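Chain IDs A, B, C and D follow the sequence of writing; residue 1 opens each chain.
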Amino acid sequence: MKVGILTSGGDSPGMNACVRALVRVGISNGFEMIGIIGGLQGLLDQKFRLMEARSVANIIHRGGTVLTTGRSKEFRTLEGQMKAAQILEKNGFDALVAIGGNGTMRGLHKLQQVWNGRIIGLPGTIDNDIYGTDYSIGFDTAVNNAIDAVDKIRDTAQAFDRFFLIEVMGRHSGAIALDVGISCGAEAILMPETVTNLKRVAEDIVAGRERGKNFAFIIVAEGDEEGDAMEISRKMSGLVGEQCRVSVLGYIQRGGNPTRQDRILATKLGAYAIDCIKQGKTGILVGEVKGELAETPFEESYTKKRSLDSYLIGLIDALTI
Amino acid sequence: MKVGILTSGGDSPGMNACVRALVRVGISNGFEMIGIIGGLQGLLDQKFRLMEARSVANIIHRGGTVLTTGRSKEFRTLEGQMKAAQILEKNGFDALVAIGGNGTMRGLHKLQQVWNGRIIGLPGTIDNDIYGTDYSIGFDTAVNNAIDAVDKIRDTAQAFDRFFLIEVMGRHSGAIALDVGISCGAEAILMPETVTNLKRVAEDIVAGRERGKNFAFIIVAEGDEEGDAMEISRKMSGLVGEQCRVSVLGYIQRGGNPTRQDRILATKLGAYAIDCIKQGKTGILVGEVKGELAETPFEESYTKKRSLDSYLIGLIDALTI
Amino acid sequence: MKVGILTSGGDSPGMNACVRALVRVGISNGFEMIGIIGGLQGLLDQKFRLMEARSVANIIHRGGTVLTTGRSKEFRTLEGQMKAAQILEKNGFDALVAIGGNGTMRGLHKLQQVWNGRIIGLPGTIDNDIYGTDYSIGFDTAVNNAIDAVDKIRDTAQAFDRFFLIEVMGRHSGAIALDVGISCGAEAILMPETVTNLKRVAEDIVAGRERGKNFAFIIVAEGDEEGDAMEISRKMSGLVGEQCRVSVLGYIQRGGNPTRQDRILATKLGAYAIDCIKQGKTGILVGEVKGELAETPFEESYTKKRSLDSYLIGLIDALTI
Amino acid sequence: MKVGILTSGGDSPGMNACVRALVRVGISNGFEMIGIIGGLQGLLDQKFRLMEARSVANIIHRGGTVLTTGRSKEFRTLEGQMKAAQILEKNGFDALVAIGGNGTMRGLHKLQQVWNGRIIGLPGTIDNDIYGTDYSIGFDTAVNNAIDAVDKIRDTAQAFDRFFLIEVMGRHSGAIALDVGISCGAEAILMPETVTNLKRVAEDIVAGRERGKNFAFIIVAEGDEEGDAMEISRKMSGLVGEQCRVSVLGYIQRGGNPTRQDRILATKLGAYAIDCIKQGKTGILVGEVKGELAETPFEESYTKKRSLDSYLIGLIDALTI
């Protein structure tokens, strides 16, 4: 059995741990494991590298991805997909495993229609917006990175009696924003999934000041409907009558050594992907749902929408009295 | 409704986030929230402090516990338990919430037999050995602390071609050891739950050297049946024919700012404990099982044994080829 | 001897360690130590708090400042300065110690002209731009915070073959930029003190790509003459012919637990400030120059310009071949 | 000019940054740079590797050493030293740079007597016990690692009203202990350089309890004359009448990404070593003294004793009132 593996889309911490598990569990099962360099574009460019057990030594604890990643315009076309299928065929691949986000799952779904090898998708994105897994690989590390950053900004906010707007990643999802906001005691959490009412947020901040709160945070996801951090900050400054400081956390959320959760999840999902290939499964995203390994058809994985934890959302007001 | 809250047993990161949620969600429900200082002994000593919304400001991100904790010999006696019941009665308490480990749940179970207020237990221990919750508050932070430490030791092990035995916490459970071991790529993980065969471990290390591994880690839980770290290290040095270095991580695992998982879990469980009191529930540990809030009678919580993830245990050999 | 202490200007990590040393060494010398809340404005508002040995317990390891800080427009006027002098007189202060940046030293210099108590300044700013000390309290922590952030961004840059522009603090000084740039192996370091030639930087990046460098960083200080990060990034994208990603580190640089260097420096300078008061000294900034405690008249401290390490600057080209 | 470089003795964070500077500045000067793998023993075993500019890419931020290190019994003999000289001669080396501790400098001094190439030593050890430099490469990171650990233990100490004895590295020097102790507010710092009076320490702790201190730390260097941590803890438990908890920080002090200070120092010293070779210098340790690059004959570097900062030592009592 010859298995290609690649990482695709934005990198996320834990991808290396996942690649390691795939390679070693694959080899333990007698498979030939081939790393594809540079994501789906690397497949089209036939950038292959034989992976041996030692090829993945000393990477479990590192962020980024040793296979590197990338986005491919060519693969989005039918021609690209058919070319990929021919390359896989010609090179004798029996299976392909790709770690990535929604875009990657969509790509695998297309590939499945033109290639009859076994294809398994694994959820690797900090955004945690893939249907079919409670957590995607990288989400926990990204949120912990953001929490560390906000804990630091808190020192300044407190020393200076200020209020801050902090933007976290999430163009289409408030998953990061919600967990960062709850974890750091944010006064308000602005997310694409909920209706943002800046006037009410401003009133809460003013009321908090009156109750003795000397500083406040608002956490906003990139994709909030009220605009980007700069725009919301301008509006908030006006509504509160006090300068709203802005911090855009940006790329620091993606990097760094992965956490326990991401290393364990990545290892389990990688190992289970090999189990699936062995059993002849194909066309599925492998994830973990409610503590159990779970399989979801590609199409559902990127078309269905994960919902945020409504119990947590319901607590925000009580937690910030 | 007058509700006492206390933290008991060893401290664990996230206890503060939990106390904050209890206090604020309690107050939002119109409850009077009373902090009991110093654990169950503090209850016997009537060390009470009115908790207001601002009393728990700026603690969500801190390790330790603002209520302090402790162990109480007196409470383990029937006299102690009856005295506690009288104190609760006399002071007009309607409910008690305690965050702690197995010993605390056993104590609450006893108290329940002599006091008819509502009693809720919350799982706060780094050991993750309480039945009725997939994760206890503090476990994730403790494992991440240990992982950080092992990642650092890796630098030296690699620079020096050495093999290391690293002891993590867990007198009766290999939960920390298993997750640290998998997360750090340990050659072997020695736990009370599995049979430890040092001879086989030594053979694996020697074989690894021959395959080009220039260093190796073994992770051992405090409670492994082969003895403590010093003893196992002596045996291993003999079996491998090379000095086995030892590091006992100890107390550094308990401290530090809590992680995302611990802050979120602590917040949810604290809020849900207030929900339970409102609904008249008593005699239960509140936890999260397979992603859902769950209630478990005290007796089960400390008598039933949680089992480790057998899928993960089954991967150790393949992952270290 | 009654001594007032305050923190002023932007907060910097280590201010708390300095306040602790001032209070405890002051009390050990029989002084009465008074904390002034909210910086120079707090002096004008007479926000005083008696500091006892226990008032500064458990703060040595925390960022921010327990005395809080702020900027005062009123104090910049002669009226404000005379009002401050009267308040100090009326309240029986014999001495004042202020921890802050250049603006604070200028303020103390003015105050010295209207009040004849003993006045000592201590360098507390992350910018490291005060003359009379090799390092200001907070600089080392800020740079280490920035380094941590850049090390994380490196994971993504490497995974994605990208080039990044990262903006660090420093409106008038490249001190942070230089140390971050050298420490992280930046391709170029853009600072107000040196002539920025974007065309040459772009050529270096293109040439580096050709030599096999798959990613690159440029570190830019806020105050670089070519503009802010967004502007430089636009120019660089054009010159290199490839999108230049931007990350503005912002407030995360200021916070977090102080490092060894900042805690030790803060402790020594705080203790030495008390020595100076005892000896009747006044009108000086206390710093450390070439490893020795040093005293510098206020006027020099904010008018003279510190120069950057030219040996380090001279190495940038060789280090990035 | 053909230059060999090696890292020797215990690894220390920053060695990689130093190797990088040596290689790149060397190449920029037209030198041929050869990495010697495994320290002085690697020289005897002729483990050579040509270092190119890309060989040291992506290592500036990593602990450990890519050249690996080790201790060599053979090199301690005259035969070993003469063999090394012959190997250097035969392979056409013009110069040798070694990064290490006192033992390494002693070895270089011996080698200098039998080989007439240029030999430069660089101080790389976490112990900071080399004469001829204010800081050795690795010391700052090690102390910051220890501080992080003690800050975590503080959470538990505080939650539990306990007193702790924490052992840090330093068999012959209290340099780490002093900086950790001052930085973490230790009640006492036990070092080989000062007379340890456990009875007085115990009295201080008891008196502190009476003044309202609910927890305390003692920091002890490995080499204190009163014995190891276990022994001192037993004595202290008896003297204080309360259990003294022990934590031995051990190997976690050595690892991890180096700090600003270590990266900058390593880079400067590496670059300056190349300058020295160019100028025909030999037989010297290159360090930084009072902020200036400094050269010290090998013999002085390992025979003269660095003294600890007596001003800091004099502050301990006042800081812990």
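Miscellaneous remarks
As a working rule, a residue touches a chain if its C-beta (ideal position, glycine included) is under 8 Å from a C-beta of that chain, and two chains touch if they have at least 3 such contacts.
Everything quoted here is computed from the prediction, not taken from an experiment.
Steps from subunit B to subunit C, minimised over paths through touching chains, total 2.
The most distant chain from subunit C, with centres taken as the mean of CA atoms, is B. Between subunit A and subunit C the centroid-to-centroid distance comes to 35 Å (mean Cα coordinates, whole Å). The centroid of the Cα atoms in subunit C and the matching centroid in subunit D are 28 Å apart. Mean C-alpha position of subunit A lies 40 Å from that of subunit D. Counting partner chains per residue, subunit C shows two or more touched chains at residues 151, 154, 158.
Every pair of chains meeting the touch criterion is listed here: A-B, A-C, B-D, C-D.
Every residue of subunit D that touches subunit B in the complex is listed here, in rising order: 7, 10-11, 13, 15, 38, 62-65, 68-70, 145, 149, 151-156, 158-161, 164, 214, 245-252, 254-256. Contact residues of subunit C toward subunit D in the complex are 17, 20-21, 24-25, 27-28, 53-54, 57-58, 60-61, 134, 140, 143-144, 147-148, 151, 154, 158, 179-180, 182-185, 211-213, 257, 259-261, 263-264, 267-268, 271-272, 289-293, 311-312, 315, 317-321.
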